[in-house]
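Once you scroll down, you'll see the structures, which are given as structure tokens.
Look at the two complexes coming up: chain A is in both, with chain B in one and chain C in the other.
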Partner chain A sequence: MTESVTSLDPDASDLLTELVTIGVGRAAAALSELVGERVELTVPRVHLVPLLCPLDGARSPDGLLTDGVSTVVIQDFQGTVRGRASLAFLRSSALALGNLLSDSEVTTTHVDLEVGGILLEVGNIVLNAVLGSLSNEAALTLEYSLPHLFSDGPVLPRLLPQSAGEEHLLIADVEFVVRNRNIAGTLAIVFAGGCVDLLLSRAARRWSPDGREEVPLLRMTRRNGFHDIPTGQLPHR
Partner chain B sequence: MPKVLLVDDSKFSRGRLRAALTGLAADISEATNGLEALEQLAIVTPDVIVTDLLMPGMNGLELLTELRTRELTTPVIIVSADIQESTKSACAQYGVQAFLNKPFTAAELRDAVEAALAAGTAPARSAVVGTAP
Partner chain C sequence: MLDLVPVGVCVLGPDGVVLVWNRTLTEWTGLPADQAVNRRLIELYPSLLEPRYARRLQAVFETGAPAVLSAALHGHFLPIRSDDESATLMVQETTLRRISTDPLRVLIAIQDVSLAARQLEWLRSERQLLLDTKRKLELANESLQQGFALELANNQKLQQEIQERTRVESELRRQTNSLIAAKTREHQHTQRLEQLVRDLTAARQQAEAATQAKSEFLANMSHEIRTPMTAILGYVDLLHEPGVSDEVKQQAIETVHRNGDHLLAIINDVLDISKIEAGQMTIENVPTSIRAVVQEVAELMSASAADRGLKLNVELVEPLPHLVETDPTRLRQVLVNLTGNAIKFTRAGSVCIRARWQNRTSRTGLLQLDVVDTGVGIADEQRQRIFQPFSQGESHVTREYGGTGLGLAISRRLAHMMGGTLTVDSHVGRGSTFSLTVTCGRISDHERRDLPNGSSPSSAQPQSLAHLRVLIVDDAPDNQRLLAFHLRKAGAEFEIADNGQIALDLIAAAHRTAPFDVVLMDMQMPVLDGYSATRQLRAANDHTPVIAITAHALAGDREKCLAAGCNEYLTKPINRDKLLSTIACWGARRTARV
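So, the complex of A and B:
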């Protein structure tokens, strides 16, 4: 059980959920275009966890971030806000996705060079769709580093910065199904200290009718539990 | 036969670009980053360059800068996963012919390449960049 978690103002929670929903919806659309198939999304769950709290607090429902042997694409971003984004798959999902997009049938049981190249490009497109959407909606400017692929363990240690400060981990658990194959992915983004505040205040100002709303929306409080932001059903494609 | 240079570090993406241009009567060559593209440009000047932005070694914006510094007016089409408006604006500063977001459709790329071939030279800097619908 965590001691310290982030409490969001209800308006901030609503805004963050909306921002993520738009981004994930765009990412699903991009994936659908890529595979040429309908992509269906389950109800996503969005969590915001301060990295100062024990890692148990960052456990995603499927355990993929902390427990699973997964394949993950990681991409750093910097600019108006900075941080690190990841898209993780269970190995079975990674191979299924590689098989779907490869010119030839994938027969290996591990992520080889060809499948890795495909996953890197898929991760780049999906993460750019989410981050780019956040950037556009909040009028930010981001620069991306080259994505990297890891296929040998849980995701969370790879997401953590060298020295943890007031970073926040934004987890969007999104399960999507591609053409009768269960291909599940988990999206996670670490924002550097103060960046979630900046993201929300910029978006709030941009979305307000008079363009003037700029209020601190994120408040740190101490309470037990895990902040869990329910989100609605995303539009299917 | 017109020459099209595809620049992308991803083999998967280069394959998709090449497949999209199947049927276009063009001599297609490939480079994995901006530096390789410049090496090829020293030998043959393509009629159109299709390039990604995020690449190791020399990225797409650096390649564009180098092209314009050399006063090369070859039309350039950007194909990138970066959907930020600020990135499209930055590319417009270099007078790119079109900006397509990944994933693109074959028709979008083919149309953009054909339009670039018809135009012959890059549009003026800060021109409105064509985007995929």
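So, the complex of A and C:
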């Protein structure tokens, strides 16, 4: 296994985690309101890695992004920053969450129209909330595409942007708690080159006491082998 | 253009005022565009004031982030009936998207997914049905397996029961077979026991019959013996009477003699049957003249026949061999018996003795002697009984005709011993024919010429005993006198000893003067019996001929006497001729040796 080749500055990491947590908190409120019962959403830690860096399993629970069949809701955004946001579930988690939120008495073992609609809406709410939080806290202007649901194959290829610029991948484990059941998902947001720096700097500025301090938050340490991997190719464990 | 798409589309402006209401929405809602446009959507559909709609709409207006309202979580964005007659609302998927900020525009696109929802519901229910069915099948299968397991267990139990029952049945069958075998054995034992009982009963009956016959026989014997004995003693007393004339004396003597002979015949018959039954009777095979035997019997019996006024004829059917090998004594005995019976049981007419011969092989032939009478005849039911010992045709026969009832039994057994038979053919009132057949050896003329002269036993003649010294050893004075009488008449010298010891003394003394040529030794005597005396004599190396004279005429007596050292054996009553010839024989040997 290859260790992550970069590490985020702790302050930047905390900032990003906070921003995402705000977003998922709003999403939890929206979901609770929607389904008429309490839905909790937590994001323990956010990781940020260069997209060309080999992905660590530790940052991709159950190998969700790179392995196997998963269900993912994808929504692009553009504006001050641009990128692609996603909320992914393992198939079993997707079904569990869909069946929990559905008022149907019949459970399903397939991501059918109903479960797919639920997951699409849940993903739409969570992604809107997270992106909305980032946008608000960093004073960004964003436009969003309609969300799309995919339930066949690994997530990561669908996240890859068309451009070949230096990009970052924000990865966060998201844990849904519904009816005393914990369901794990993964929030993954690809930011185009420079977007993370802009995001962090603006957010830092807004969160600074005087509102003007710009803190160079993004300091990453590179390790050997990072540039040996051709651009656009997915690393494999 | 928006009117052409099968999607409900409306565009809201600020404050949610409807700006566009396409035809599809008009068709679905029945609300014409002109009535919808320029009105706030929440006025048209107050249900959109619910937070779950309102917040989403507000967010779209404020952030520009599109919203997707799923059919599963929302059911319907607008309460549109599926059709006019149904209360069911259209299932919708709704997308809210800000399409412009200046001027502010939010596009709402509503898709009718009722059909897909129904299909999904149907699929789910079908799937659930399948799952339920599958579960039921699994339960059924489980039950079946449990049932099968139970059945298997039951089967195993049943198998065990079957095996146990089979084992028990096998054991029962085995025991049944054993019982059957035991029953069979018991039945066989019972049969054997029953047969044994029958045999024992028959044996007992035979024994009782034999006992009865013997009792009757003894009664007859008693009668038969007493009759001649009475005559003998009576006439002997008569002889002692004074003044009896010589003629009466002569008749008395003849009567005594005749009765004595009859008495002797009875005793001889008893001895014969005893010997036969004891297996001691032996048959000789010596050259015998059939003619001579037949003539002797005819001469012997002629007087009796004449006494009864009967003719006694002899018929010799030629060719008859001159000599054959058989036992002349037994042949004569049987023929005498048959002829005597014929005479006895014939009141008138004749008795005929007929002899005929049949060659069988080069060395043997069959002699047939028929005794034919014209007597009373024998009834069929009596024919076999007359050959049984101790029985006669009827008990009154004995009284009427006399006899021991042993004659025919003895005769038939003798016939068998001589290799022949004795049969009877009889008709009551017309007479009987007794046929004796005897298998004899043939003697050719050449062999006949080689025979010594006078070899026929029947021709033996007593010799003179002149110059012979004889010692009579007997404790009975009557026997002493009788023997003395015969010896004196034969010209012999004799002395008398009362017992064996005296005899030994006399013999020893005589050796010094004039030794005895023959000793006539009675075997039963006081002081020293004949056996002991003879043994002592032989022990003393004295070879004086000793002729045993004993009343012991039973089987084994002869051998006992010879074993004691006697040279010859004679039985009482004494036959004079045989006595004298025997003394002469041994005396001649003694003389020759000396």
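We take it that the second predicted complex is superposed on the first by the 188 of 237 C-alpha atoms of A that agree within 3 Å, B and C clash if a C-alpha of one lies under 4 Å from a C-alpha of the other, contacts with A are read in each partner's own complex, and residues count from 1 in each chain.
As a working rule, a contact is a pair of C-beta atoms (placed from the backbone, for glycine too) under 8 Å apart; a residue touches a chain by one contact, two chains touch by 3 or more.
A quick note: this is a predicted structure, and the numbers were derived from the prediction, not measured.
Student: Given the touch rule stated above, what does A:G193 touch, chain B (first), chain C (second), both, or neither?
Tutor: The answer is neither, since A:G193 touches no partner chain.
Student: Quick one: is A:S104 in contact with chain B, with chain C, with both, or with neither? Answer first, second, both or neither.
Tutor: In the superposition, A:S104 contacts chain C only.
Student: Looking at the overlay, does A:D112 come into contact with chain B only (first), chain C only (second), both, or neither?
Tutor: Touch status of A:D112: second partner only.
Student: Quick one: name whichever of chain B and chain C touches more residues of chain A.
Tutor: Partner touching more chain A residues in the overlay: C.
Student: Once the shared chain is lined up, is A:E121 touching chain B (first), chain C (second), both, or neither of them?
Tutor: A:E121 contacts both chain B and chain C.
Student: Would you check which partner chain A:Y144 touches, where first means chain B only, second means chain C only, and both and neither mean what they say?
Tutor: In the superposition, A:Y144 touches chain B and chain C alike.
Student: Just checking: does A:S135 make contact with chain B only, chain C only, both, or neither of them? Give me first, second, both or neither.
Tutor: The answer is both, since A:S135 touches chain B and chain C.
Student: Show which residues of chain A both chain B and chain C reach, each in its own complex.
Tutor: 30, 33-34, 101, 103, 114, 117-118, 120-121, 124, 128, 132, 135, 142, 144, 146
Student: Taking the complex as given, what residues does chain A use to touch chain B?
Tutor: Within the complex, chain A contacts chain B at residues 26, 30, 33-34, 101, 103, 114, 117-118, 120-121, 124-125, 128-129, 132-133, 135-136, 140-142, 144, 146.
Student: With touch defined as at the start, can you tell me which chain A residues reach chain C in the complex?
Tutor: Counting only chain A, the residues touching chain C are 30, 33-35, 98, 101-104, 106, 108, 112-115, 117-118, 120-121, 124, 128, 131-132, 135, 142-147.
Student: So in the complex, the part of chain B that touches chain A is made up of which residues?
Tutor: 10-13, 15, 54-56, 80-87, 101-105
Student: How about chain C: which of its residues touch chain A in the complex?
Tutor: The touching residues are 51-52, 55-56, 59, 63-73, 93, 95, 97, 113, 116-117, 120, 123-125, 127-128.
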